[in-house]
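Lettered A, B, C, D and E in written order, each chain numbered from 1.
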Amino acid sequence: GCGSNSASNGTSGSQAPDGGSASSATAATSSAASMDAGTQKLKKVVVRLKWINQAQFAGFYMAKEKGYYKDAGLDVDIRPGGSDFPSVQMVSSGSEDFGVTGADQILMSREKGAPVVALSVIYRSTPFVLFTLKSSGITSMKDLEGQKVGVKLGGNEELTYRAMVNKAGVKAKSISEMPVKFDLSPLLTGQVKAWPGYVINEVIAAQEQGEEVNVIYPSDYGINFYADTLFTTEKMIQKDPETVKGFVQATMKGWDYAINHPDEAAQVTVQFGDQLNLEHETKMMKASIPLLEADKGPLGQMEESQWSTLQDSLIDVGFLKKKQDLASAFTNEFIQP
Amino acid sequence: MTTKIKDVLYPIAFAVGLILIWEAVVRIFDIPLYLLPAPSDIARVVDGELLRNMGATLYEAVLGFLLANVLGFLTAILFVHSRPAEKGIFPLAIALKTTPVVALAPLLVIWLGTGYWSKVAASMIICFFPILVNSVKGLKAVEHEAWELFSAYKGTKAEIFWKLRLPTSLPYVLSALKISSSLAIVGAIVGEFVGSNKGLGYLVLLSSYHLDTPVMFSAIAAAAVAGLILFGIIASVEKRVIFWQKVDEV
Amino acid sequence: MAAISSLAGSVRERAAGAAFDAGGSAGASSGAHLQTSAISIQNCSLTFGSVRVLNGVSLDVRSGEFMSILGPSGCGKSTLLRLILGLLRPDQGGGITLHVPREEIGIVFQKPVLMPWQTAIQNIELPLNIGPQRAKQSKAERRERAEWTLELVGLADFRNHYPQQLSGGMQQRIAIARALAANPSILLMDEPFGALDEFTREKLNIELLRLWANPDTKLNTVVMVTHSIQESVLMSDRIVMMSPRPANVSDIVQVPLAHPREAEMQELPAFLSTVREIRKQVKAL
Amino acid sequence: MTTKIKDVLYPIAFAVGLILIWEAVVRIFDIPLYLLPAPSDIARVVDGELLRNMGATLYEAVLGFLLANVLGFLTAILFVHSRPAEKGIFPLAIALKTTPVVALAPLLVIWLGTGYWSKVAASMIICFFPILVNSVKGLKAVEHEAWELFSAYKGTKAEIFWKLRLPTSLPYVLSALKISSSLAIVGAIVGEFVGSNKGLGYLVLLSSYHLDTPVMFSAIAAAAVAGLILFGIIASVEKRVIFWQKVDEV
Amino acid sequence: MAAISSLAGSVRERAAGAAFDAGGSAGASSGAHLQTSAISIQNCSLTFGSVRVLNGVSLDVRSGEFMSILGPSGCGKSTLLRLILGLLRPDQGGGITLHVPREEIGIVFQKPVLMPWQTAIQNIELPLNIGPQRAKQSKAERRERAEWTLELVGLADFRNHYPQQLSGGMQQRIAIARALAANPSILLMDEPFGALDEFTREKLNIELLRLWANPDTKLNTVVMVTHSIQESVLMSDRIVMMSPRPANVSDIVQVPLAHPREAEMQELPAFLSTVREIRKQVKAL
């Protein structure tokens, strides 16, 4: 694909002038949809994010802001998710069109009969990490033995944590787990020693509270579970592949733009969210860039191997009963122009 | 001091005292902001944004409150006039009453989306049972002799309803309204927790994610104020409507 | 099933002056004087669960008479009135025949039973505004009628007061006014004057007798439950004495006093001897 | 049919009818499991695990319930005997009452951790106001003449409390207990939502993550059953304790 | 402030037979017969908010007498009893002197005021179990005393019934028994027999008079509010007549009947003339 390629070139090289990559990408999509765009009304679609509006989803905001969605003939309504928010149900019930959720959710949903398909990954390197206060001296999984660790039960976070424990070969029984949500204070007050969170969000938040932190990356233990994937239903793909394609490509173009203009992206993000702090969002945006791995081929492209190790882990911890057909669980076909 | 003045002065003095102690404790023990903000920290973050979110929550709550009360009262009328309906449905209604809305909220969002309606529905569900239970009680609270009086003068069913049952039930209905006025806010907030981008519930969650404890406290306080506003309105309506009864202060 | 029939047509003739025929005591005269009967109670029993309250009561209320019912507390006097009104049904075998249309019967309960959300005048209007009565008069006529009875019980000044602003005695007077407002031809009263002090009570006793004697009102027959022997003798033509539960008519006493009655009659030897006789009978029960 | 049999048969018939319709609707319209499971799907997932979680929630709820009621009743006694305390604190208590626990739950977890205590505290807070309000009402519901009787015979304050106020307040107290029996469960579940690894609240969340709707429904149903159990216990206690009053069925 | 003092020592002498001295009418005899006074009420006024209920009432209750209080409804009779009990305080300038210890005064309120959670016998025991009375008797003695008064009011069979299982009249009898159980030397009663049918009422009237005359009981002085002229004449030595609100003592009538009183005395000319006189006075008010 040339559009995305040119974008990644832009990032990998020194800062290319915005105009170049953006305009070429615009040309590509608008030519695909040019015959409709002028005459027909925009098609309304809804995308349900995994979390509240923040720079974690900057690509979506930029695609909307820069008119990429409009060029694709789409009028996109970006809706925030939240804690315990069942975005998979919302999309698979047909009341919404696209969603962002973890790859684990995709596989589990398929097992439960909700035919969802991942269309692209956002962070190719998972933003999920465990982190500790510097003062605790804990820097590795091994150090967690005999300590109290916060665990976000049920989802992607628990899965990644358990896989890390397994891979590190530490005595799982010696770690005492404390179920936590999204409020950092148990870590700050020392109730727990390690905290599960996004390196682009909670880690920064802790630093903003004036704490120095040690980060334990899953990748250090050979683990990388896609945490944010863009998905839709099988039915949507069958019925309206054009819209799916248009949406995925416009979104990825938005990401491409955000990578190249992180400050502008943070500013746009603040407009989308409520009561967001520009400084925090700018940091989040900048921290996001390496995780997108724009240099590793077209943005959003997924690898079969990642899905299958994820599936093995899911079966390991019992979240998944039997193997799913990975070929139908995700597709890269819409990333290609 | 007259009793009236005391009635106002005592709680104010007490509240001011509490706030001062709170402020002092936070400062003296240097409690971190994210654990317990001082009242002054909380006051500082009160702004139009907070009021806007409070407005959104109040809107959802009032809508759910009104719908639930209309529906609940109509159901009570059905129950009172149909024995099988009452005998069959009422026990189930009581069983349902013990179902926590918090547990239902995610389902509501799946079924009704993340717009107003899922919050309105949560508010409705939580307000429905108090009004149903109290209305049935109230519509049945008719004195036996009063009923006999109407029967003796061959009053029709409709006359018995409008001139006897309805006025008799009013004190019960208004007491239910007072109970559910604060529950309505709880329902809306629970709905907002699951998925929304405005309202006090959203603000509480957002501030908890951002570790913005002062905003969180301001949102909680706003929820209490919203509840008090609804309660106050109902209480003043009550005084007018059931003029023939001395009304409880709670 | 018990048969409750209603022979239409109001009976207007007044048995002016008391019938001094002796020996009107004990036993039912059921069906005997059908032409002058207002209400016939035939062999009525009533059982609440396992408690038999009335035990084959037969009684004939004559058209135009003032009848009092005396009996120990809890014997079933109120129950008997409820039976007449059709609010309760007698056990199988019993029957009640009303010789006037049902809606011409007025009732004063033992308790005032006022609507606390209505003013005195509104409470009095109540029976005029419901049921078949409603269609009979215009709004203005109904209001006028209510005003008239309100004045009759001496509470015109309390027209717009709510029941809870009135004393127990005043409330009971409103209840009496309410019954009169509907212009009944038969009036059933259940201890209507119990809550009143002696003076007010006597005043209302006489007022009621006037009303009963007044040919301008439809009021023709009165059945009054009371626990005052004095009052029963002062007011009525016949006194029905009931036995304790399970109740029956133990005697019917004819009062040997002329009409119109006056408070001063309470010192006549005939009055005193009747009171004495009844007192003796009550003790014997 | 006697009334007693009808009282039992009607609700059962109605419930069975509802369940059959639900089952039929799900099957006929082929509603996907993750949107709305059929009753049979829900029944299938009821197991020891569910009961264990229900037990945990009940434990927290009962503990919070008991503590709140003891504390609330004692506070009411204080209020009734000290006018400044009542005048000063009661209005604030009413304001606090309108504060949704759901909004406070995250704070409770910060302050009390994710163990039992944060759930017990949530349960306590939610149960505290009904008992406080009703106890104050009940302790004051003493008939004026009864109070005069005790005064005439020079009864002491303690005697007036034990022999008059306390028995007079019982119907009010038990009505509060019935109200808060189901609130206690709500409190525990709200607490569990914020952070726990057992209990029905945890089960609801977990099953929602795993899209295991039948388990989610079974947990919701278990919450209703837990509420009914508590309610039933209180109702039967009530019958014994306030034997002198005809007790409402709700 | 009003002064309420209590001169200790119970006065036991009984004024046997009524004092036939004439002219005991109108005006206060306050302080005049201190040696034979049980309760002295001096110039007591009472105002509720802006409503003046009592207007400078002065009254002397003599030790050993049976005094009745008659007056229109709402005039302040109950209020006067509350004043005597110290449950209300007179306006400035008024004073009440009790010539027996406060705990020797028994009270029967206008309503029965029974504890619904206690059985008949427990309710009667109540005053024995609280306050200074408690220490005076053993548990068994208290129970025995309660049983005795329960029998006195004829409700021994209802020993273990709860108030709500009793009729209104029975409840009032329990209230009377409760007052008697505490063995008072002065008994204040507020329309104690209002809820009873005539026969039961008469029986209890006589029973109370016996108890009052019985030297085995401490009971010495009775003040009874009633709305029955007959009852007041039958039972009392003196009848205090009160005017309408703001109430004052309008007259005190001496009853010219000998002790012990019997129901049959109601036919004596002296009885009838007293009733007639009072009735006339009541009407004049």
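Details
One rule holds for everything that comes next: a contact is a pair of C-beta atoms (placed from the backbone, for glycine too) under 8 Å apart; a residue touches a chain by one contact, two chains touch by 3 or more.
Keep in mind that this is a model prediction, so the values were computed, not measured.
Path length between chain C and chain D in the chain contact graph, taken as the least number of steps between touching chains: 2. The chain pair sharing the most C-beta contacts is B-D.
Separating the centre of chain B from that of chain C, both taken as means of CA atoms, is a distance of 50 Å. Separation between the centroids of chain A and chain D, computed from CA atoms only, is 41 Å. Across the assembly, chain B contributes 35, 106, 110, 193, 208 as residues in contact with two or more other chains.
The set of chain C residues that touch two or more partner chains is empty. Shown for chain A are the residues that touch two or more other chains, namely 84, 86, 89, 93, 181, 183, 185, 189. Contacting chain pairs (ordered by label): A-B, A-D, B-C, B-D, C-E, D-E.
Note for the complex: chain B touches chain C at residues 143, 145-146, 148-156, 159, 163-164, 167, 170, 242-245.
On chain D, the positions that touch chain A within their shared complex are 32-35, 106, 109-110, 113-114, 193-197, 202, 205-206, 208-213.
Across the interface of their complex, chain B is touched by residues 82, 85, 87, 102-103, 105, 107, 109, 111, 113, 115-117, 126-127, 129-133, 162-164, 182 of chain C.
Those residues of chain D whose C-beta lies close enough to touch chain B in the complex are 6-7, 10-11, 13-15, 18, 35, 84, 87-92, 94-104, 106-107, 110-111, 133, 136-137, 181-182, 185-186, 189-190, 193, 200-201, 204, 208, 216, 219-221, 223-224, 226-228, 231, 248, 250. Listing the residues of chain A that touch chain B in their complex gives 52-53, 79-86, 89-90, 93, 95, 181-185, 188-189, 205, 209, 274-275, 277, 280.
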